[in-house]
Amino acid sequence: MRDLVEIGMGREARRAYDLDQIEIVPSRRTRSSKAVSTAWQLDAYRFDIPLMTHPTDAVVSPSSAVRISELGGLGVLNAEGIWARHADAEGAMAKVIEAATGDEPDSALAVLQELQQAPIQNDLIVEALRPLRDGSHTVAARVSPQRARELTPALLAAGVEVLIVQGTIISAEHVSNDEPLNLKDFINDLDVPVVAGGVGDYRTALHLMRTGAAGVIVGYGQSTATTTDDVLGVGVPMATAIVDAAAARRDYLDETGGRYVHVIADGGIGTSGDIARAMACGADAVMLGEQLAEATEAPAGGLYWTSSAAHPSLPRSEITGLARSGRSLEQVLFGPTDSPYGTTNLFGALRRAMAKTGYSDLKEFQRVGLNLRT
Amino acid sequence: MRDLVEIGMGREARRAYDLDQIEIVPSRRTRSSKAVSTAWQLDAYRFDIPLMTHPTDAVVSPSSAVRISELGGLGVLNAEGIWARHADAEGAMAKVIEAATGDEPDSALAVLQELQQAPIQNDLIVEALRPLRDGSHTVAARVSPQRARELTPALLAAGVEVLIVQGTIISAEHVSNDEPLNLKDFINDLDVPVVAGGVGDYRTALHLMRTGAAGVIVGYGQSTATTTDDVLGVGVPMATAIVDAAAARRDYLDETGGRYVHVIADGGIGTSGDIARAMACGADAVMLGEQLAEATEAPAGGLYWTSSAAHPSLPRSEITGLARSGRSLEQVLFGPTDSPYGTTNLFGALRRAMAKTGYSDLKEFQRVGLNLRT
Amino acid sequence: MRDLVEIGMGREARRAYDLDQIEIVPSRRTRSSKAVSTAWQLDAYRFDIPLMTHPTDAVVSPSSAVRISELGGLGVLNAEGIWARHADAEGAMAKVIEAATGDEPDSALAVLQELQQAPIQNDLIVEALRPLRDGSHTVAARVSPQRARELTPALLAAGVEVLIVQGTIISAEHVSNDEPLNLKDFINDLDVPVVAGGVGDYRTALHLMRTGAAGVIVGYGQSTATTTDDVLGVGVPMATAIVDAAAARRDYLDETGGRYVHVIADGGIGTSGDIARAMACGADAVMLGEQLAEATEAPAGGLYWTSSAAHPSLPRSEITGLARSGRSLEQVLFGPTDSPYGTTNLFGALRRAMAKTGYSDLKEFQRVGLNLRT
Amino acid sequence: MRDLVEIGMGREARRAYDLDQIEIVPSRRTRSSKAVSTAWQLDAYRFDIPLMTHPTDAVVSPSSAVRISELGGLGVLNAEGIWARHADAEGAMAKVIEAATGDEPDSALAVLQELQQAPIQNDLIVEALRPLRDGSHTVAARVSPQRARELTPALLAAGVEVLIVQGTIISAEHVSNDEPLNLKDFINDLDVPVVAGGVGDYRTALHLMRTGAAGVIVGYGQSTATTTDDVLGVGVPMATAIVDAAAARRDYLDETGGRYVHVIADGGIGTSGDIARAMACGADAVMLGEQLAEATEAPAGGLYWTSSAAHPSLPRSEITGLARSGRSLEQVLFGPTDSPYGTTNLFGALRRAMAKTGYSDLKEFQRVGLNLRT
């Protein structure tokens, strides 16, 4: 917890760093990229690539979640989003697209807010998760801390195998006059592994680990669409936050004599280079959203927003429009590509970064040397 | 007073930081935003939100000051501005708007300079403050240090309850061949609380506190319109300046055995996130100007300038034009909104920032953890 | 000489700062700007404002030099420029202006290079300096180190009272197979004060002071037009360089038991705020060029370039075009103005910066507090 | 290896610097640029200027390699590029140019990828190197580590005198299931000097020196076209990397009792100022690519890309288009010029930078003082 700066008399702030301020340093032998493994395992579930999806309707539909799974990652459906509220989810999505690509693109956020006013229907959730369940894919869904207790029974009934409890910023102890969510009790009562977040510091990460979570999410999905920083003054510089959560993981491993809680980085990742940097800082996996929005399988036609875009009184995400490239999810994740910008062949690039620095698995790669650009 | 840098042989400068260089770190429990209070009290006057207005004619008219008060803040009329000099203040304002939105927008500053040449008339001040007085709102007005002695009797007669003595940079001891303002004597002779500023450092803040001021203003209303930095080479990085003034407040509290002087941040605040950061650095309240200019109640039709724009020989503010959104003051302050940029629902956002970091009142929130982005 | 950084193994670099990275901190009493003196004295010559002109043809003609003098500064004619080479200097200047404002503005540099090929004629120099001499203005001219010995007799004959020996970077010991200029001998042989430069560090400044120079120029006229940095990799961050030269001045004062050599800052000054910052760092006076180019009296019609623009094989300055504002030199230097950007009323702004920080003369103002923005 | 920063709890990164963050400080005598030597010797080969070409087809054709040699540098042909794969290399190049300057410039990378699929033909390599060999120019060619063993016999047969083994990032020990390249054995078996790289740190540089290489390349040709940083998260801040490689050179010199291995900087060099900075950091020579692309002799008509642009699945270079100036290689290298931007008269500028700082040869110039801009 060093590198404190006195920003004024008697008040310190800690210097914190973003992923784009660091660089991986090749400083050992090199290795063939064929000899590299990017495999990742969460609880009983094994994945070829360390990828979960950020639970935004802009990227994850029932069918795109299946495709993510087929490609080796974990698709996470938002159990409080459009597919949980609208029988004609595609029609609802079309309204957002129409507004965002029409004459008044700023009106799209209001459309999204309105769609989000419809009630959540358990049968729609069951229906939305069916393709994953029927296809023998790992079934994962996200709930907010506020509604976790209410919605989880339906999710379990719908076959959820990994539960994601995710809000912009969460903690193990939420203070409220209403009935709060005690995460520890909640997780104890469940038979499925829980991944919870986002957090931005060591202490909250450690507290979440102590609730029994299988994974802790660091960050709140910061993307070029996110404006949380401007709205709340709250920020989570991701390189520092991931390193701190990895320190919590290490300390918790020691305190429990061997329970390893996964650290999942969700935010500040724009390119394949940032994925490599996040892993190098200590992440076990990354949550991607914006990077997948351009894929042909993404349901929003190239648009992107995070789940906080639909907040009824204080949204913290724009709806950004990406030119669609015609690339499939497979090409975005594994190439090949004739685009040199780090936005396609995301995991081929990770594999190559590991090879060029001489590492053969992700756990080792967390020790790669780093430079800081200033 | 550490973090000194030797910028050359034998000469030190102190590293100082702006609000947009810091980030609030959520690192504790979270809390429901309903359980949060943003109340603030200055002398006998209690406010629902820690808001004073920057005393610029672009934002504060007699009627907008009333509206600010109805919404829980304190509107401060400039007793040396257009409403104090022109019986037809709205007509005068229209001339500025016409020039700024016409073919030669640069000519608007000259129009403003010319309007400012008209003499101040006490009866106009009385008239301008009448709606506040008649509506039982807290009556506040601003005078410059140069004219404070001359204008204050009329202001008191007009019912002023909080007097703001504000210049770009002021001190407790102004040296002059003309009769200077001794702030201590001046304040001693008054029955109403005085808020004075702006200041940029610990020593001047402490000296102003010792004059008996109820509040000290930090900063000089830096906004995107301000050019003081380019003109004078003088700057007040606000995160550091607020922290230093809060240190002066603490030391003065100790030296007096309990007199608490409020620190009001006036400058460097662009978004609701910056309001949260200013409070986190130790401010008791913020002075807002530019953020309110887009409101339908603001008298300048969406334009903004600070009071130094009208200086006859050395103006230090542009007239900037904001696209008007059609939002009311109420919506700007409290939402709801479909805009994600931190420019509306300003105090709803503050409330949420406090909740997400686990604080329930503003005084506690001054201790929240901070990161420094570099 | 502290603040060294190891940029790699076994190699240090020193952190150095530009003027726009520092801020003047008001931290004392304030003062009326009427009670402030900006007077400066070099040898026997007293000036109302601490201003010399950068010896570029773009700003200094015989008549503009007279005007500068009338306004309280020192105009320095380039004795190797257009007025020394062309009987019809105005016609020559017109060719540059025509090229720069024509269809191929990039060709203007070639025109300037060609004009600079014409031989220097002593009688033209005499003629060019006549208006200064006849008007009882201080007569000052600039020569390069390479041609100082050759041209100085003619300059003295033409009445030069202050001689400026100025190249991009000069030293007290120039090593050459040709006959070098030994500045110490050269200055010893003269009866007029010599100002020499530019330098960028403590050691060279001290060596130049030991040659007997009355003033040392710091910097090489860095402006928005200058590209020396890109061409040579050589840079002089001005805040640090001025502070270092002021340290040399102090040490030389001590070693001589009282000889005070003036430090003149030439570069990195874009606005009146930067003038204040340069003085705050320890400069006794500033050399201005680009700031004066917009004045109606400037001979290049609003264009600007430094003298290195005309180098025959390796020019290091663009020709930049400024929109002409119709302002006179008097207004640029002393206002009043309705422009808030720090480009007019340059010395009124300096006076006000001194007043707001409580200083009454320039020598005291060199001690004002500084912040560093990072 | 100091200047470590704790970017988070228990994890350090090292601050590293780019060439454009440093400045050369003139701090001694000055010198006539005529008295300066830029000569450089690699093994038995002497060069008037410390220039090798980056082995990209965009700059190096058989005829441009000859021209580089005539002008005093070393042209390096890519033995795995278009001239090695296409009998009608000019026709192949024309296809790239046509695509890059047509309606869909983004398609040019795919054209390049396709051209690169054609097999390498030994007789084409022989033919391509003939003009160098016949003209008694130093014959140099580049192979990748992957194909070095296979192609080197043909290269030697074709008269290669200096062999460049260059990949994006290489190491002395490449781990692979296929037969790896053991550089030490490989170099031992050869009679010609080998230059190998790129590397980014001290350790790899030292290991490469121990393989018997005559020169070590630092960097991977970073240019405005390169996107390796975005794709892999790997970066080599060049000022730090050159200094570190120079430290390895010094340590290896000591450990061998006198073997001097040359450090060649390949990347981060945009202007002549950057060439001077690279030499000042300790480079013995620079590899230039992008800077030469505008020359009339360059085969790609003003376009530029690095060799990684043609990677079949993960390209890491754009094809950038430069406006062609009509300048010859001779003018780009030695001027004269009427362009002040540091892109022509590259080695005249280096000579002048050395003169202005008082150095007469390149080895001494590696000790020049440096500032760090922050």
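Per-chain numbering from 1; labels A, B, C and D assigned in written order.
Heads up, the rule we're going with is that contacts are C-beta pairs under 8 Å (C-beta built on N, C-alpha and C of every residue); 3 or more make two chains touch, one makes a residue touch a chain.
The UniProt protein names, listed by chain, are A, B, C, D = GuaB3 family IMP dehydrogenase-related protein.
Note that the structure is predicted; figures quoted are calculated from it, not measured.
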item: Separation of chain D from chain A in steps, with touching chains one step apart; value: 1
item: Superposition rotation for chain C onto chain D, Cα-based, multiple of 5°; value: 90
item: Same-residue or different-residue interface between chain B and chain C, half as cut-off; value: different
item: Label of the chain whose CA centroid is most distant from the centroid of chain A; value: C
item: Whole-Å separation of chain centres (CA-atom averages), chain A against chain B; value: 40
item: Chain B and chain D, separation of their C-alpha mean positions in angstrom; value: 56
item: In chain C, residues with contacts to at least two other chains; value: 15-17, 240, 374
item: Chain pairs that touch, as defined at the top of this document; value: A-B, A-D, B-C, C-D
item: For the chain A and chain B complex, residues of the former touching the latter; value: 5-18, 106-107, 109-110, 113, 168-178, 199-201, 203-204, 227, 229-237, 240, 309, 312-318, 374
item: For the chain A and chain D complex, residues of the former touching the latter; value: 1-3, 15, 17, 22-32, 34-35, 202, 239-244, 246-247, 250, 271-277, 280-282, 335-342, 345, 348-349, 352-353, 356-358, 369-374
